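Each of the two complexes below includes chain A, the first together with chain B, the second together with chain C.
After this line comes the complex of A and B, so read on.
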């Protein structure tokens, strides 16, 4: 189903992202081949200027990718009005085997672009550009992710078959009985999910406070490294548990319908677009939380140690604030129901 | 205020003054860009408005329509088919209908003729309520109800009677007993409603057939199941359900709008090339300006951020102008530039007022379709301009 403004737009955005990151990757190849910090040749000066270009291009690509993520979910929701058996985005995304994988790869892609920008920022904070080779190898690694995203998206759109009346005499009946293809996560226990959700949130806050407290005094780097690793792992677990909790528990309270478990409908205006704020807080929080551990391998480099220390303090603080906002927003309807006994 | 915010506010301030200094060039780009956005936004708003209107109309469509097919074409359906549906549980009413077109040679228009027994329809049906005046009785007496556009087309003046031709060119006398409420214009503009007996007389149809059956179902959730049972019971028929018709409308409007988007893509690409070209050609003054900025300590990143703000201001303004223009175009002119593409061509068009429906998601669609390519097209020229060496200021 390509001949639709939403499909065209998604394809256009994918082509633009590929163009931007592809151009940046061209610089990456040249940097890996010819980078020589000790030289003051024309080529080296030009390469240094080009690193700015690639950084800007990846920043633009990240911005577009975040917009595409939102666009993708909204488009899936719009398509549900044309796909048989689909009632919302869940139905469309599970209509063929490529929808959910593409959504996940878009999500992973956004995190990876974000990490690249972070590495770039850390790198340019030092006059010696110590991460230059690493960040450009990383950039080259982004190209396959974009290609996979593009292929999956194209396959997803190509395999969407709208349910239309054909001119032949036979009857085309949609899968009327199902109304969506069930839940994305069936069989998970809501009670256990909630315990894991609040347990992990508590653990992250504790670890975060420990981390912030120890940065005030002189503690060995090993402790800092350990804490940041634990903090990131907790965030990784929390991200997965949160997505499950939103789908199986929180969404029903937001819809005020016990059998409606959909992680996508909460972004609609019928529910005050609360989902956009919930996901923005969760994804941004998870990004900062994960980045604390991602920068760990470079924390020992003298050139950038100071920058990383400063960044990590800010990132931990910011991720804790976002965690509290996210937990508050997602639990609001549940608490309201439990306290006031429902609408 | 944080230093980062302060830096960007200052850059924005500088970007605004720099845009103002070259206002003629920037206004030109902005106007062309606004025109492209206007085209894209008009299409999007018109499509959304039409889908909205069609959804409203389709609430009046029967839950299921049965048509008899023969050699892949529709033909009249015998009245005795009705008995075979009697014992399907859940069917509220089966209403036989004669439904066709009457070509009026005097003004080249096609009227839609619908003949059915209005009192056989369920009370929930809106058709009877849309009539001002009387409703045609079930007898063969020539009483009809006309849509507003048909009424205007026939130039009846004060008369209430007129004639239409039967297939054998004999005249069928008709009497206007009522008219449709102008508020229902979109579904009744070209409609002539009459009794089943009058319809049969006008089209000279044998007494044992009608064109199709309208089926009303008690529980909307059972439409699919009942339709499946009917299809099994009457294998030589085509069974159309309301949800299917709704989906088809969505797909058709989506398809037409997508087709138009492809055509507009060429305009967008042309504009992106223009934007690229304009941003690439640095005048000596611009080179000098960047050189001076570099000399006084600006970094490459500052100039890139400055260019980003400039692009954002230009595209933001163009976006605003384009979207407002499109809103006005759809609201005040009913999207007259593009309506034929989306609606089809016909002599009689309902004079529908389309209320532009615009949500955040549509704005996001228009934004990513127009502003994102513009930003992508200007980023490389922006970088080229930012690496101008400081010596350029002195040369």
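After this line comes the complex of A and C, so read on.
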């Protein structure tokens, strides 16, 4: 299905990103070999200018790469209209062996790309390029992720054929499991999932409030840095539990169909595109929540300490707001059902 | 030292056919509260040297520390901030905007700093009174004389109270009386604690008793640092 506007857009984005990141990777190698902040040589001064340009290009490339996650999911949803048996993105993504792995790579990659952009922003907030070496090493680590993403995406699109019969979401995520594929979430207990979901949400809010209180100087900094680590770990757990909770519990209340558990149908316009807002709030909240811990190793660097302090305060606050929005949106139909007794 | 250059080299269009080596291994130190003249013929490299001191661009190699900052290490946007805070420029052509009034021209450097219009006006008025051009405040810059234009340029260089004042061939278009007046104003600024660096080959400047030092620039090298 290459000759399709969605496929062409995805492929074009991948090519642009690969070109920009590939170009910047050359700078990364030079940084590894020659970067010497104490030198006044022509090479060092040129390298500083080069890193500035490369990092700016990478920032845009990675932003595009993050946006392709959204593009990919919407494209998969649209393809479902052309593939036999598919009712939503689930059917498309499971039509061959590359869809789900690519989605996971894109999902994990989006966080990594976001972290790189964050490191870059922290770096350029200082006059002395304190994170240049680190961020370019990190960039070299991202190159394989981008390459794997591109390969999987190409294989996925190339092997996506309208005449292949695939399974619809009711089979893939249904209670019965079947179609030869089995239920992707077999064994998850809705009750336990909900307890973990609300428990972790409560824990994140408590930790976040403690963190904000500490940064305001209201209490002694008894566990300096520790809170940010705990906060991020809680968010990591919450992200996984939330994805399971959306699939096993919340989605069926949104559809008002007890046996329909699909994480993708909720993005459809029939359901008011509520899924887009739910996922946007969850992923953005998780990003800011995780980033609080990710920047912790650099919090002690004099050059960026103040920037990181300010960022973490904002990130904690923002992630809490997004957590509340996400929890509210995802729980709305469930609560409505419970309060009205299913009327 | 307010200004320290160590083995500064500047090459324009490096690696291209039209490569020009404007400065070679310039080492120089200038203390604060001094008046220094960079003397040299056209094309000697004194304007390039002045531009590096003025944070207009970094050197190709070497260390340039201006007002406590390592210039060659400074990313572009920080260099701009550093320049705004520390350097006042007086250009050979004055570079005033002819359609703007004298008052607006003088207050112009405060615009990107987000200074409120009332404060801009207050500071500009103070400078105009001091330099004797207050009566021209509402005149468009194109309608005032050369001597007044020069004062507008000086006032604009002083509006943000920068510690370093740089002037590139400031008397090239002035007669003897105005040139002497200019030097008197520079002398007053030095007395106030500012550091003044003038690039010129005008004898009226190079022989002025107000100067603390003359630095000869020839073929991109410093030849004489008394």
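The rule we apply is simple: the second predicted complex is superposed on the first by the 313 of 343 C-alpha atoms of A that agree within 3 Å, B and C clash if a C-alpha of one lies under 4 Å from a C-alpha of the other, contacts with A are read in each partner's own complex, and residues count from 1 in each chain.
Everything that follows uses one rule, which is that a residue touches a chain if its C-beta (ideal position, glycine included) is under 8 Å from a C-beta of that chain, and two chains touch if they have at least 3 such contacts.
For clarity, every value in this text was computed on a predicted model and none was experimentally measured.
Of the two partner chains, neither chain B nor chain C is touched by A:335.
Once the two complexes are laid over each other on the shared chain, residue contacts for A:52 go to chain B and to chain C alike. By the touch criterion stated above, A:41 is placed in contact with chain C alone, chain B being left untouched. In the superposition on chain A, contact is made by A:128 with chain C only, not with chain B.
Among chain B and chain C, the chain that touches a larger number of residues in chain A is B. Contacts of A:240 after superposition: neither chain B nor chain C is touched. When the shared chain is aligned, no partner comes close enough to touch A:256: not chain B, not chain C.
When the two complexes are overlaid on their common chain A, residue A:60 makes contact with chain B while staying clear of chain C. Comparing the two complexes, residues 52 of chain A contact chain B in one case and chain C in the other.
For chain A in complex with chain C, the touching residues are 37, 40-42, 45, 48, 52, 124, 127-129. Listed in rising order, the residues of chain B touching chain A in the complex are 43-44, 47, 69, 72, 223-225, 227-228, 231, 236-241, 243-248, 250-252, 254-255, 257-259, 261-262, 265, 300-301, 304, 359-361, 364-365, 367-369, 372-373, 375-376, 379-380, 382-383, 386-387.
Chain contact summary for the complex, chain C toward chain A: residues 6-7, 9, 14, 58-63, 69, 72-76, 78.
Contacts from chain A toward chain B in the complex involve residues 2-9, 12-13, 16, 19-20, 23, 49, 52-53, 56-57, 60, 64, 67-68, 70-71, 74, 78, 81-82, 84, 162-165, 167-169, 171-174, 176-177, 269, 273.
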